[in-house]
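In the two complexes that follow, chain A is the common piece, with chain B as its partner first and chain C second.
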Partner chain A sequence: MVKKVKLSEKIVPTREDRLGTIIAYGGRANELVDLAARRCLKAQDRSFTQTTFCQEWLAMFTLATITDAVSIVHAPVGCSSSLSCINIFNRLGHILRGRVPSNARWLSTNLLEADTIHGGEEKLKKAIIEADKRYQPKSIFVFTSCVAGIIGEDIDAVVEKVQPEVTALVVPVHCDGFRSKVWASGYDGSFHGVLSYLVKEPTAKRDDLINVVNPLTVGRLDEVEIERLLNKLGLKANFIPCFASTDALRNSAEAVLTTSLCPTYSEYFVKLLQERFQVPYTQEVMPIGLDNTDLWLREIGNRLGRKEEVEKIIVEERKRVEPKVAELKKKLKGKKVFVSAGQSRAIGIPNLLADLGLELIGVTAFHYDEVISDRFAELTKRCGNFCTSIANVQPFEQTNILNREKPDIYLGHLGESVWAAKQGFPTAMILIYLCLYAGYNGVVSFGSRLINALTNPAFNKRLADHASSIYRDTWYGEQPFKYLKGD
Partner chain B sequence: MSEIIETPRYACALGGALSTVTAMNSFVPIIHAGPGCGVQLFYGQSFVGGYQGSGRLGGVSVPSTNTYEREVVFGGEPRLREQIQNTIELIKGDKYIVLTGCTAELIGDDVKAVVREFEDKALVLYAETAGFKGSSYVGYEIVLNSFVDQLVKEKPKEDKLVNILGIVPSQDIFWQGNLAEIERILNKLGLKVNTFFNGRSINDASSAALNIVLSPWVGAVLAEKLQERFGTPYLVNPLPIGVTETNSFLKRVGAALGIEVAEVIAQEEEQTYKSIEKGADLVVDFDLQLRFATITDSNYGIALSKFLVNDFGWIPSLAVISDDISEKYRESIKKELNFSPGLSPAVVFESDSGKIWEAVEKEGPNFIFGGSLDKDLAGKIGANRLSISYPITDRVVLDRGYAGYKGAINLIEDVLSAIVAPL
Partner chain C sequence: MTKRKEIAIYGKGGIGKSTTTSNLSVALAEMGYKVMQIGCDPKSDSTNTLRRGRFIPTVLDTLRSGSSDLSKIVHEGYKGILCVEAGGPEPGVGCAGRGIITAIELLNQKGIIEEYSPDVVIYDVLGDVVCGGFAMPIRQGVAEQIYAVTSSDFMSLYAANNLFKGIVKYANSGGALLGGIIGNSINKTAQQEMINDFSRKTGTQVVEYVPRSQTVTKCELDGMTTLEGSPKSKQAAVYRSLAKKIIESGNSFVPKPLDPEELWSWGSTWVSRLLGEQKVAYEGIQDSKGGGI
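Take a look at the complex of A and B:
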């Protein structure tokens, strides 16, 4: 059952404990809706798995781009290696915001075999002091790891002890990779640290300031579209936490409202910000597709008592983009599409696709829980009884499913989409940095992207001609969910 | 106490082991570790190595036990057993290797025993590559050592076959191009080359007449072991770039195997200078003789400095060696970097980027050979630069290489292009 969380707890319970999140399911959408409605959805595992993300990755991903912070990864050196990859998004984000690109800052405590025996707390202390000395950051985030967790490092104690010696605010982030099957738990560990150690009691409330919680995978172009809509309501967007300053996070309790561009990402943060600082929130859907953008705006209007203004904006915006959407629809109508994404996007993107007339034949969501269950049920009303898989990136299942379902186009996330490409399917990313997909303009922009992908799929086709399946031929005769097993 | 490291310039042992096995293309890797290791190390080892992708069986497709709390508490052996069984059933191949990560080793899973259960079903090896054992370079050594211990048997020698050791795939971002060029020139000498990554099997490692360690230290211990076990002689010769070093390399190989190399050297040298000559006008007209610093592993530090000093006429200022090398190799590396007076760089052994940037800033070179993380520093001190060492996210590397004769031409093109890029 779902646990109630208290901010005084040092570690947030995992999403599987707190929200009953599952990472494994295979079947039709209606069955999932039915099981969830009857509360009969059981946690399953897989007896064969491919590598996936851990919560530490997502925790770093949440906080690494804060402009005046340093990240310290208390782990062997490999656990910070993809910060060089997150730094790609960091630099790109600077460029798209008109800033001179600069590196994210991070240190590894470089835990070696001897440290696993003697402990690494001294090294952590040293790393915090060094980070403070080298960069005079406003905040320092300390991320834990499997090794730190297993050898029993008490990072809260280290932080408490070292805080008086440094000027930065030091924030422990509990994200041991093995502790949660749901990598989104890493968001909660990050935000828990932010709420417990950074956000301060507001000295004043600002009626025009709205927090917009936005993950690194929703790009600047989407923020610009969202900012445009919020400006129409006279609201100023405080985009957090990515590319924000420590102060922007610290002052987030001054806002009149918090909203979200990804409910899966913001789920814990907005609830706790309300509980502790009485900042109300909305996080029903991602503002993707016409209906969901309407809904997203209406929620804000309702909360702020500005329903009429919002309705006026909706009418204006729809009047402007609907003719363009109708044009795109002529070209995209009836195209069969498969979507794989994080759970909020997995139910958001299909609405945009339905606006454009595409036929949804399948969805993979990285996990599933109450954050999306109602909206998922509604999606089945709009898009039918599509093939549904809940998988934390398991390309072996995806390959089998796509081989059966044969979509005209595949929409997926980082890392997994290339495997659909190698099967020869046209692909488009649902994580888009250089193309807009949020809000009203996003429907038009994303529609154009899809037309390009469908018009010339040459790259993927040629790739498929030269890529051989890594799976045995017999796999394609098996049902894709063969390796699901009870917990 | 080991040191903390700001923005490390290598991943962990599992990272090096995984990219090594993936590059071999013949063994199916099975990671026995936490859920995120494979993805972390795909993005953190290959993808940030010039955007090298998942290849045939890498990236998010790598089989992994994804051990969670239950395994940490109750042990991960049942999960590993199930995973091996199902990997054999599902993934094409007949050779598998289990790579253990930190979790499996800390909780003390008996991987050897689990692997042995599959003796009759398939060839399943294992390597203990926990991240806490060290760098990507160490992971390469551990995994190759496991192959030698568990797989390689005595075979008849082939007098024209050589093995290449010391190049860590993805950690050396130009590994494919470098190995291809080394293979090309050794082929010209009539030799067959087993790099373990070129379709030849590590199974045949004992057949070689000579092991060539193309690094000042990576693979040296393994070469010693191969000599003890199979009587194969070896030579340690850091990556050769350009005419002077490649000529000398070929002469050493020739001497070791009793092969005449003069003709090949003459041909290659002439061919190389035909290309280099075309760049001479630019170099001379624009006075492109710069003071350079290297922020690279020891192999590239030596290789770049030798080429730039001996062939390209540049002035070395500082060589930062970032691959966390044991004390015992440091003197010989310093010796390699000792040119004539006024032409020897200061040598600093340092893996911590904060300290590295401080040292390079103080030195103030005109040109920096480093990774893409050094962009901000180069901007700050107004130096030109080329990304050549891990991590590289400001250029795409598919099969470009800098080794040998052809590599020198690539290097000259890239260095000069970096200088003229704003024009």
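Take a look at the complex of A and C:
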């Protein structure tokens, strides 16, 4: 039984503790649904695992693109290496928003051996003052790390002490990597800091303002589609936190409602924003695929008492796109597809694919918990008893699964698609800023993209002919879930 | 040259391990050995009584200052004893355990021990084996023998028992073994018997019983060891005897620590007995079983 944890604690409990999140499962979808329904799902682990993400990365990914902020990573310098990657998203994001691209700004306290022994709090204090002086930001986020956590650095106390000396608002973010194996816990650490140190009591409520919580990996094109739909309801979208200003976050309690483009991402934030500032929320699904977009809109309509207007929009939109979808369906029907994605997207994308008539033969979700369990069960009703893997990015399992399932096309993030491409499968990345997935237009846009990938498979085939084998042949004779073990 | 002897002395905080260690160092120096004493306690006061109460710069202070020059961390004390303090963080910050690891690694990397080439190296280590850092001297290649200083106070024996657990952990991978127990502040027969019983139960041996003595306190307040401040005292003779036994002893044990419940129930029986004896001594009260003065 998952323990219920009060949301407003100083440090957010991990998702393992709070939501019973699991990161390891292999089998058929129906079995997973059944185990979850009977609450018999064991917290499995792997006896062999490949490199995966650290929750600190996801914490930084949440806040590093805030336009007038600086990130300080209180850690050995290596812990901030992934910010270079986040910066690629950052620059591209600016371009897509019609801005001159600029770099994300970050500092590392560069904890060395002597700091580990004697403590690094003075160094952190200096870094905060330096960041304030050098960049004059509106907010400064201080990210913890394994080293800071192990030696017990009291970053809350440092922040409190240094705040009177700087102009920026300083926000501690607890994201010590070793605390959680579920990287999504990092989102919670970031949002907890935002809610506790930035968001202010609203002076007035705005009936036309809706917060839309959106992760960095859902791009600007999706935002445009969502904005279009919300405008039809006369709502102004406040996209937070990525590429937003500090003030957009500060004023988020003024909104009439908070909604989400990714429930896995927004889960903790929307709940806490309601608990502390009474802003209601909806976060049932990602608005990807026709049915899910309908549902996403209906949730908003219900919460705002505007059901009829929403139904009208749904009819209009469906009428507009359904003929185009039917055209695409002719070319895509029956194609076997395998999807790998974060847990919310692992529900959204297959629904979109089902709209287009593809046959879902397998799903890998990065983790699994109550955030998606109901929607996952519904997906099995729509798409059948497909192969299911819960894995926090484990290419060795994926290549083995694909070798057995032999999809016509593989959809995954950049880092995983590359393996499928080497195996010769046509691939389409589900995270590429230049493609649209969300809303009604997303179905049409992504459908066309799938046709491109399916009609031009030569590159991946040629790649597979020339690429050396990824793993030894003996591995493909083994069961893909060989290294899963019970608790 | 005979093989260098490296030992580590552990004990609960305040139990008298630095006092014992420093007197042991002097006694060994008197016997003609070249001794290096390395304090592994963030308080950095292990070797103070060898240098009239004066503090010295520590290994970790040197590292913190950005210098890698460790030439100034070895200071000669009474009878030419080489004094080193590992040092550590201020109370309440950082990580003292990591400090011990780093300090010992640095001493090795910089070849400090080799350079001075002492016959005996004594590590004086804080308290319980509370984490991997404080277990560092037990691990392979540092000390070869461990001595546990304990009084008959239950918590002190509890700490010794924890130390034994640490020794067992590394015993099979070339770590240090237990040389024995040094009973400290022992004035009563029952206290001796209690420590004896503990050593029997844990499969170890008691090397020496050191009595509680005002002479020790007085010399320490003057910034001296007992052997320097009161060399002809009975107490000094006890330390000399201890030194002789340690330098001559080749006995080493893999101790058999008690599990916590066993230790508590054993302790409770002994504490009742000690309290009974105290009653007789101070109040002249005898229980029905007789005994007493």
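In this text, the second predicted complex is superposed on the first by the 478 of 487 C-alpha atoms of A that agree within 3 Å, B and C clash if a C-alpha of one lies under 4 Å from a C-alpha of the other, contacts with A are read in each partner's own complex, and residues count from 1 in each chain.
We take it that a contact is a pair of C-beta atoms (placed from the backbone, for glycine too) under 8 Å apart; a residue touches a chain by one contact, two chains touch by 3 or more.
All figures in this text were calculated on a predicted structure; none of them were measured in a lab.
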Combined model on chain A where chain B meets chain C, clash or fit: fit
Chain B versus chain C as contact partner of A:177, first or second or both or neither: first
Chain A residues touched by each partner, larger count belonging to chain B or chain C: B
Chain B, chain C and vertex chain A (Cα centres) - angle in steps of 10°: 60
Touching partner for A:119 - first (chain B), second (chain C), both, neither: second
Partner chain(s) touched by A:202 [first = chain B, second = chain C, both, neither]: neither
Which of chain B and chain C A:83 touches, first, second, both or neither: first
Touched partner set for A:150, first chain B, second chain C, both or neither: both
Touched partner set for A:13, first chain B, second chain C, both or neither: neither
Superposition-derived minimum Cα distance between chain C and chain B (Å): 6
Chain B and chain C contact sites that coincide on chain A, given as residue numbers: 113-116, 150-151
Of chain B, residues touching chain A in the complex: 1-8, 10-15, 31, 34-45, 47-48, 53-54, 56-57, 59-69, 71-72, 82-83, 86-87, 89-92, 102-103, 106-107, 130-135, 354, 373, 375-376, 391, 393
Residues of chain A defined as touching chain C within the complex: 113-121, 150-153
Residue ranges of chain C touching chain A (in the complex, touch as defined): 60, 63-64, 88-90, 93-96, 98-99, 102
Residues of chain A defined as touching chain B within the complex: 47-57, 75-85, 87-88, 91, 101-103, 105-116, 122-123, 126-127, 130, 134, 146-147, 150-151, 177-181, 183, 392-393, 395-396, 415-416, 418-419, 467-472, 475, 483
